[in-house]
Amino acid sequence: MTGAPDRLPKALEILERLEAGAPEKVTKNLDAFHPDAAELILGYSFADIVGRDGIDLKTREMLTVAMLAAMGTAQGQLEFHVRAAMNAGVSREEIVEIVLQVSVYAGVPACMNAITAAKKAFETVEAG
Amino acid sequence: MTGAPDRLPKALEILERLEAGAPEKVTKNLDAFHPDAAELILGYSFADIVGRDGIDLKTREMLTVAMLAAMGTAQGQLEFHVRAAMNAGVSREEIVEIVLQVSVYAGVPACMNAITAAKKAFETVEAG
Amino acid sequence: MTGAPDRLPKALEILERLEAGAPEKVTKNLDAFHPDAAELILGYSFADIVGRDGIDLKTREMLTVAMLAAMGTAQGQLEFHVRAAMNAGVSREEIVEIVLQVSVYAGVPACMNAITAAKKAFETVEAG
Amino acid sequence: MTGAPDRLPKALEILERLEAGAPEKVTKNLDAFHPDAAELILGYSFADIVGRDGIDLKTREMLTVAMLAAMGTAQGQLEFHVRAAMNAGVSREEIVEIVLQVSVYAGVPACMNAITAAKKAFETVEAG
Amino acid sequence: MTGAPDRLPKALEILERLEAGAPEKVTKNLDAFHPDAAELILGYSFADIVGRDGIDLKTREMLTVAMLAAMGTAQGQLEFHVRAAMNAGVSREEIVEIVLQVSVYAGVPACMNAITAAKKAFETVEAG
Amino acid sequence: MTGAPDRLPKALEILERLEAGAPEKVTKNLDAFHPDAAELILGYSFADIVGRDGIDLKTREMLTVAMLAAMGTAQGQLEFHVRAAMNAGVSREEIVEIVLQVSVYAGVPACMNAITAAKKAFETVEAG
């Protein structure tokens, strides 16, 4: 009833590529808020936009990490997207370069918060 | 006296790749502010960080456009970096995808401001 | 092809209620950027979200003015939404109260920028 | 000595309406910082501004939730104001709509943080 | 009716120290918005807070320039406060150092915007 | 290899003045992220910029506290810099005034977060 009839499945497929098991976890969280939330939010984010052609998923995740780190208002989601970026093929070295570049455009405190997020993600991804 | 002795020339070389003639224009602006400003600011931004290996200049400019658009506080510099990104090899289609992705992570008004910046850059680069 | 087949017409209908003539102006701007932009951005903003039941359009525009003023990164869109809010039934007195409340939650400079936007909108709406 | 002589009592009365017991808790916190803090901060926020006529308290709290969620820099206060909004008569359904609207104007990560805050508030208020 | 009976005169006195003629200009702007605005906004800003003892006006203006430059959302007010800072005794050299320090904590684009504001203020103050 | 050969030692000397033992703690954190991070980030922040003449370290730390509190995106670093400010000679009374001034320029929630940070720093510094 909101969005395209097949928007959510496409979104969940992309989310699963970003982190195995994420679709279940995220939809459970959103369903407990409101039954339309997953279709609207994940549908727009991942099916309408991130799932578009023109930039591959690996590069999109690099952009997402850059945006979240620069904004500095969603530390938990920054941690998720550093892991997701690595799952999508971004190397540890590339994460380091993105995070250092954040210091230029958003300042050193934003960079330091991104370092914290990146170190957590490195531990998880490299342990996994 | 500040930074590495050869930091500014390296920075200006990268800035020239981003936009022909930018080094003269930017250093003139910074020198009129303070004689150390160009060495410190351009030296850190472009020689210390953006000039590092690990991510190519094209991808770095995509990240910069993403960060500036998401932060929403430097419209003039966003316009510059859309042009710079295209000069570094980013296609118009890739700019479109970055800008649309901004709507997900920073909201529609940030995306609309980025559309304004991108359209100005498209006109300049495609006319040039 | 993206979103629901009927998302854009619903979005444009709401946009027309916010300001007569806005759909033509906004879609022309977005189409010049990319042919999918209007469907995606307006479709998500107005059909998927703002067009939902649960809060009436007048109250939604009050919320939008509050958010844009607090964020302080989209002055042009703040001006549009003050006018849109008044077109949706928000009184001048209510705009004043929203703008003063911005000073508490986002600070006096954000409030001052909102005063500038509100005064422009007052002139336009009250002249119109 | 600062502000109107009766500014603090009026402020605390409004704060009590927002959450029973909040005046004691908040003034204790502020007094431990500086003896003038409660009069200045609460006096300005609630007596000078939020206590004004022109918009009812319920609508003001909807605006506050919208602003805090869009700014994304005060998660604890966002949680407080979702509870306060519900205490002032905002329904769970209205909170849901505000939070979804945040995704349009401030992006999905801001919306996700607001969902976290809203779910905590729902549990507290509905348990209470 | 709002605030202390003598809050506005005290505020205007401080504003006059920050820039000769500013009280008339600012109150005219605020009065055209709402008759209570000057008393509330200037009264809180300058009488309740900036007029307090504990930090001298010169240092307060340095802090204001730092905050506005770091936030990056009120360029016009940043220009005003660079001029005001210099009128309150801050030297051109000190402005330069504040602006350079902004690059560390808020990033280079915020610093560049502050350079633009500072250069305008330098021209005005030094011409005056 | 990056920056001036002697940039890091100078930076660490300033960091030690801000908090005894901080150089070891911060470099350990940064080294675990990337071997170049300390030289680049601390070198730029403290040797290139904060270590410059023109403003004394005490005033610089007041500015840093103002900027971090106004931005509201780095609570941990705000706590560090309140302590650092006090170690550099800023009095508790001056911290109070900076924090109250934040309410004017960045809003009450930013001020409340700064109060939380300041109270933690007061306990640590005054206990120490």
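In this document, chain identifiers A, B, C, D, E and F correspond to the written order of the chains, with residue numbering beginning at 1 in each.
Please note the rule applied: a residue touches a chain if its C-beta (ideal position, glycine included) is under 8 Å from a C-beta of that chain, and two chains touch if they have at least 3 such contacts.
What you see is a predicted model, and the numbers here were worked out from it, not measured in a lab.
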item: Any chain in contact with subunit C as well as subunit F; value: A, B, D, E
item: Chains contacting each of subunit B and subunit F, listed by label; value: A, C, D, E
item: Same vs different contact residues, subunit B with subunit E, by half of numbers used; value: different
item: Superposing rotation of subunit A relative to subunit D, computed on C-alpha atoms, to nearest 5°; value: 120
item: Which of D-E and B-D has more C-beta contact pairs; value: D-E
item: Subunit C and subunit E: spacing of chain centres that average the CA atoms, whole Å; value: 30
item: Chain centre separation (subunit E, subunit F; CA means) in Å; value: 24
item: Multi-chain contact residues (two or more partners), subunit A; value: 40, 44-45, 49, 52, 68, 71, 73, 96, 100, 103-106, 108-110
item: Contact footprint of subunit B on subunit F as seen in their complex; value: 2-5, 7, 40, 44, 48-49, 52
item: Parts of subunit E lying in touch with subunit A, wherever the complex brings them together; value: 103-110
item: Subunit E residues touching subunit C - in the complex, by the definition given at the top; value: 29-30, 32-34, 36-37, 40-41, 44-45, 68, 71, 73-74, 77
item: In the complex, subunit C residues that touch subunit D; value: 44-45, 49-50, 52, 54-55, 59-60, 62-64, 66-71, 93-94, 96-98, 100-106
item: Of subunit D, residues touching subunit A in the complex; value: 71-73, 96, 99-100, 103, 108-113, 115, 118-119
